[in-house]
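The next block holds one structure in the form of structure tokens; read it before the comments.
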Amino acid sequence: MSNYLYILWIPLLPLATFVVLGLFGRKYFAKTAGIIGTASLLTSTLLSFVAAKQYFFVDGKVNGVYQKIIALKYTWLQFSPNVSIDMGIIVDPISVMMLIVVTSVSLMVHLFSLGYMKGEERFATYYAFLSLFTFSMLGLILSVNIFQVYMFWELVGVSSFLLIGYYFNKPSAVAASKKAFIVTRFADLGFLIGILIIGFYGGTLDIGLLIEKFTSVQSPEFISITTASFLGASMLTWGLVLIFMGGAGKSAMFPLHIWLPDAMEGPTPVSALIHAATMVVAGVYLVARLFPLFSMDEAALTIVTYVGAFSALLAAVIACTQTDIKRVLAYSTMSQIGYMMFALGVSKNGGESGLGFMASMFHLFTHAFFKSLLFLGAGSVIHMVHSNEMKDMGGLRKLMPITHAAFLIACLAIAGIPPFAGFFSKEEILTAAFHENKLIYGVALFTAALTSFYMFRLYFTIFWSKEAAAKTHHHDAHNDHGEGTWTMKLPLLILAACAVGVGFIPFSQFITSDGAALETHVDMVFSIAPVALSIIAILLSASFYKSHNSKSDKAVAFFGGFYKAAYKKFYVDELYLFITKKIVFPFIGQPIAWADRNIVDGFMLLLANTTAKISTAIKGFQSGKVQNYALYFFGGVLALSVLFIYIWK
Amino acid sequence: MNLSLLILLPLLTALLILVSKQLAQIRVIGLVGSLAQLAAAGWLLKLYMAQRAAGNAATHLFESNTVWFKALNINYHIGIDGISLAMILLTSLIVVAGILVSWTMEKLSKEYFFLLVLLSMGAYGFFISLDLFTLFFFLEVAVIPKFLLIGIWGSGKKENSAMKLALMLMAGSALVFVGLMGIYYNTHTFDMVEIGKMGISLGVQKFFFPFVFLGFGIFAALFPFHTWVPDGHASAPTAASMFLAGISMKLGGYGCLRMAALMPDAAHSYSWIIILLATIAIIYGAFATMMQTDLKYINAYSSISHCGFVILGIGMLNKTSINGAVIQMVSHGLMTALFFAAIGMIYSRTHTRMVAQLGGLLKAMPFISTVFVIAGLCSLGLPGFSGFVAEMTVFMGSWQNPAGVYRIATVISAASIVVTAVYILRATGKTIMGPISDEHALLGDATWNEKLAAGLLIVGILIIGLAPFLINQLIMPTTDFLMINIDKTLTLK
Amino acid sequence: MSSTIFILLRQELLLSLLIFLLLFIKIGKERSNESILNIINVLLFINLAAGLFGSSEGGAFNGMFTTNAFIVLEKNILNLAMLLISMQSYAWLKSHKQLAEFYLLLFTSLLGMFFMISSGNLLMFYLGLEMSTIPLAAAANFDLAKRKSSEAAMKLIISSAFSSGILLMGISFLYGTSGTLSFDILTAHISNNPMQLFGFLLLVSGFAFKISAVPFHLWTADVYEGSPVAVTAFLSVVSKAAVLFTFTSILYKVFTPIATVWYGVLVVLSVATILIGNLFALRQDNFKRFLAFSSIAQVGFILIGISGSSQTGSASLVYFVLIYVFSNLAAFGVVSVVSALTGKENISDFKGFYKTNPFLSWVLTIALFSLAGVPPTAGFFGKLFLMMAGAAKENYGLITFAALNMVISFYYYLKVVKAVFMDENEQPIQKLSIPVITKFAMYICIAGIIITGLASMVYDYIYSLSIGM
Amino acid sequence: MNEIPLTHILFVSTALFFIGMYGLFTRRNIITMLMSIELMLNSVNINFVAFNKYLFPDKLDGLFFSLFIITIAAAEAAVAIAIIINLYRSHQSIDVDDATEMKF
């Protein structure tokens, strides 16, 4: 069914933009780059909406089940007769859904950046990188081949590296970009090996074929991979866990999350795009894409579940303590992705029990909007205050009403207050968790409360708590760009609308693990608990932060050491630093470098020197006395005679 | 097309350079000559593809066999298959780039260009010859120019480096020579094709394979005989480093591959050693690189690590892995040449190669910095660049090796890509990004010749990186044939 | 009958004619050195040319003197070397009073070598040997004023007298056990009874002394250093080549029955020679002394080639010697020019030589590369073919040893190149004006170095003439 | 009278040979060294003559050989003496140990 071929243009347009801006941007499009980028992306966005319409409402569904459609497939690199890297386009519910998410959020960011990045020296480069990222992300979600996923995966990583390091002469930015790349790279190593394992046993790299082979219990591939085992776990588990490791790296799951907070060094719109809405959910998408495989292996799913849950909790706790608004948002992102992960973890493939899958996708969808909204809001706040620190803010609601409204909506959404988007998706997740695993459910519930607490902590400290306002006011008198240009306000409004609206989409009709529609109903009784908790949490934080008072300090004092630990992000960074700086470098790198110079090369030198030494040692042989010469001569004669007359004859 | 053209063109160029007078004249001749080589190589590719498309299934095309030393049954037997053609293309590309980057070489320019061209001639001859003696002849032809290039135009402790390089390479070729003698007196011919047909008895293979493989291994920076690489590359002038890493290390890899195909039984029985050494080289080279502070040393050590992949691919002895090895040779040639070119450009402006003394160059010289970053990304195996294709193919191939233990080797080698990321980003972060020092802020960007050189290499890298099926199409049939040879003996045992 | 003798001995006769001519020149009226030198060089050229025309097969003086195409070729090579030497020592001889004597001595020695090469009889061989040695001792002392020169001469005469004593003892034993001196008959009587073996070994040591194989080589370095460059060149190329030719033909023709024994002897000698030669060459600074040791190492390789005891063996030997003539004489040519014009003979003096004398530097470099055996120079082929010949015995330990020693030799040759090209020097040797004829000689050498290797017909021609055993 | 067996003569010649060699190795005076070399040569002569006389009396090869040896020895001595004289001129001595300028 190649009448989806036009989807090819959705990634190609940003690519073209990247090439054009990358090559000629600095010279010719220094000013107009933004317009070009936005325009081309607008086109792709429209295209993806067209695609969505066609798929979901016209011809995607065949007798009640949404089909996986391979719109395009081209063999890119042949390894051996049936193992090859194919470039292609898959059209199925999740990919189309992701198309919508990525293009629209990206479009919003492009739009926002027009104002936000105005007057930057490397304006064109910025847009080139944005387009590169968008291209790679789109390529990633359209992949038909697991190796194609890996390739775009890497590209996404590098474009995020480039964007984080956009302010390249700021050492902290450079460090952050390096950290992000290396940590994810480390995770990708797992991904790669996972691919090697799965591909080896599956005898193919094509996702469709892999699923086909590994979901039938009798297939020789399945038998061979499950019987083969290493260190007690079956190769299937190994493969899937390693692949999940890659996903965890990109999606900042514990313990590979350390790069995400630092990644906030990048321009805020970038954070909104990459580190809130799109790239960080790649891990979730990967698991979802391979979900049939995961569903065949209990162990792997369990790992996914607990990693997700733990990350969600941990991040929420840390978020309560951070003072840099972007870092707070970063941790909230991490925790929300944790939700998606364990939602997948508790799910089964197909049918009613596939609720988790659908819930996770749903949350991914809604989260994309309100989280990017939060970031953009934060962006315009920072744009105004020129600082990321909460203490520099306060009482801004008068100065920037639109931002204020948008931000509030987003907070409500993420806190899961009906009727905002977050409520619906989170509801499904909690339901799924409740049915599968009570412990997880408990964690999720607690996390939900925490979430609303720290989100409103953020909200109140920025927009209320008075007296900092005066300072800002005064400060603002000098640069009165208010909330910035309309290009900055418009995205806020649109996203706000989404944050309210998208929750009402009957998501389960479209996106489920097996493509068949799934009947879900919002159970009012069930929702009481979470909603109530959230509201309590909101009130609590209101009492703490709405107006400046000492309650919060008391609370801090109450938690004491725990607060400290949380504030220091539980010392995970320090641990990593210790391992690299104190173990890898001095105990592996240095010795090898030393050995290479002194032992390996030293050996060669030794050969040379010994030769020289010998040659000096025997120089007395040539004494200059003709009689000795004659003597040696005669000695030679005797030696020869003895050798050849008595020994070797 | 007569392959001897590939030898005659450089020869002619060299002679013209000898008779020409001042720099302008010399470099123009050099450039024209190298472009002619490039054109010839391209034309050759076209013809080759046409022949293959026409269904010519001969293992070697454009074969010609003329008696050289009749008494000793030494023939000037030349011909190319996909692999050698790939190498030839690589060589011609790098030669042009090398000539371009040394455009403003003032010191003894005549001798300099003469030697460069001579070196390229050796490489071409090596890649086209099917007669072991001729092969060996050209192998050694390529050694002396290196010595002089490093010793005369180099920097740092150039004499020692030049001497070390020359002696280690000579030791390598000495070993190769012994091996060749053994082959010769057991088959009474130097002709690779004939030997391939008649095969060599197991005992002989077992005895002589180590000689030849080690010998060529030294050229390919096989651990622990790699120590000539860092010093040699670091001391050499830019173009010479490009040639060294880009071309002459490939002589080794190519030789290893041919020898493995010539003595498959021995290759099979020794493969575990090969794999072991390769794996060590890969990870060890990577870690050693992490500790370097001189850009050229960084690239030199990373070359050790990357050439490890070549050896690994050969050692795994299956079609995919050998494909990967070949692609890696081409890819590494281009990439490392590009890297050295970028380093040379930076050095010629800042007069330092110390990472610590550099920073924020992106501000002053965006083009050069971009080139540097591209080279870096390619070497850490980013998709879209050649490095990714090569490494992935090697990994896929080596994973398919029936012996499960070798998967550990694969995993370790794969782990090196993380270390690679570390040192590449370290270098980039320190030199290209970060704050720039005042005196560097005023430096100019690349000149037209440098841009052209870098552009050429980048195009090469991208072609492989974006359309690997092209090079695959070129190499695959040849590897298929090699595999027939290699597997046949496997069944025979 | 008589006419055939004239054809068979034409080279010897021509040479004797030259000698007489020199005597007349000497006693004739005073001429300028230049004119004499030119006359001599022309005559030498004629002499060389004469050898090239018409080969001849046969013997004279009932088997005492035998010749064939191969031997003629060998003699031609010697003639060529003689011509080159004389052309290169132009600068030195131009200002020398007794140049006539110089040529007298060298020609006489050359004549002796001719007879030695084509000797068919131990007596004849002995006569030729002495005839070639004694004049050289005198020639070594040709720089009468120099202390070193006379010391060198003394060392040469004493040790060569001693060696010929040993050699004679050997011959006497051979005679005692076989009762004949003529090679053809002798072959039949060769067996390995101890006395005969002992005689044989004494004979071999005599040869080993002349070709300066370890441990009979010790005179070489001192004599080379002390004597004038031209004489050194003659010693290192011509006399060595002549003895090698004879040695090979005697081994192959006469001592066939005990081939296994002398194979062993050759292996032992070659290993010792290569190793010691290299180790000593590493440390030398005096250029002539350096070349002395390097040439000792070369002899080691030659011995490997001979040990192959096949047609390839003898062919490779002659081929290598031809190349060796070109390369070594090119090197000596440079040294002789430099020492004649500046008196400097040390490698350290050659630092920065390239800045002032690019042409000489290139000649020297190419020559050294050829000696080291680097392609595309002929030395590469020469050395490789020697080793191939040796490898025919499938003794790969020996080959490996030799191949690895090539690396050492590489080091010291490259050290000179390094000095010439790379080392800095405040006062390098000033720009030298080279006599045209010398320059011409150098061009010949370079051409030889390049062509002899790449043009296979040279080797094939030699091979077609040569004989195995 | 019974004639002397060959071995006796060979014994004499061998003794003579090694006496000569001993002289060559030990004496410092170059002239003396030259004389001892002559001794060695003469022992060879004795060998030749003896072999000829006892084993192969019908042909005179050995005899001739010894004749030639004598002649050449004379020539050798002549040149050697000349050289020694020159050495004396430059070194003011004919002690072999004084002529060890070139070594190593």
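Worth a mention:
In order of appearance the chains are A, B, C and D, and numbering begins at 1 in each one.
Here, a contact is a pair of C-beta atoms (placed from the backbone, for glycine too) under 8 Å apart; a residue touches a chain by one contact, two chains touch by 3 or more.
Values in this document were obtained by computation on a predicted structure and should not be read as measured data.
Shared contacts of chain A and chain B, meaning chains that touch the two of them, come down to C. Chain D has its Cα centroid 66 Å from the Cα centroid of chain B.
Chain B and chain C, compared by their mean Cα positions, are separated by 43 Å. Note: centroid distance chain A to chain C, computed from Cα atoms, is 78 Å. Per-chain Cα centroids separate chain A from chain D by 98 Å.
Contact of a single residue of chain A with at least two other chains is seen at positions 608, 619, 622, 624, 626, 630, 634.
Those residues of chain D in touch with two or more other chains are numbered 24, 33, 96, 99-104. Multi-chain contact residues, meaning those touching two or more other chains, occur in chain B at positions 167.
Chain pairs that touch one another, listed by label: A-B, A-C, A-D, B-C, C-D. Looking at the complex, you find that chain B touches chain A at residues 164, 167-168, 223-224, 226-227, 230, 284, 287-288, 290-292, 319-320, 323, 360, 362-363, 366, 377, 380, 382-384, 388-389, 392-393, 395-397, 399-400, 410-411, 414-415, 417-418, 421-422, 425-426, 429, 432-436, 468-469, 472, 476. Those residues of chain A whose C-beta lies close enough to touch chain D in the complex are 619-620, 622-627, 630-631, 634. Against chain A, the residues of chain C that register as touching in their complex are 154-155, 158-159, 162-163, 166, 192, 194, 197-198, 201-202, 204-205, 208-209, 214-216, 218-219, 221-222, 261, 264-265, 268, 276, 279-280, 282-283, 408, 411. Contact residues on chain D toward chain A in their complex (touch as defined above): 21, 24-26, 33, 96-97, 99-104.
Taken together, the chain D residues at the contact with chain C in this complex read 17, 20, 24, 30, 33-34, 37, 40-41, 43-44, 47-48, 51, 55-56, 59, 61-62, 64-65, 68-69, 72, 75-76, 79-80, 82-84, 86-87, 89-91, 96, 99-104.
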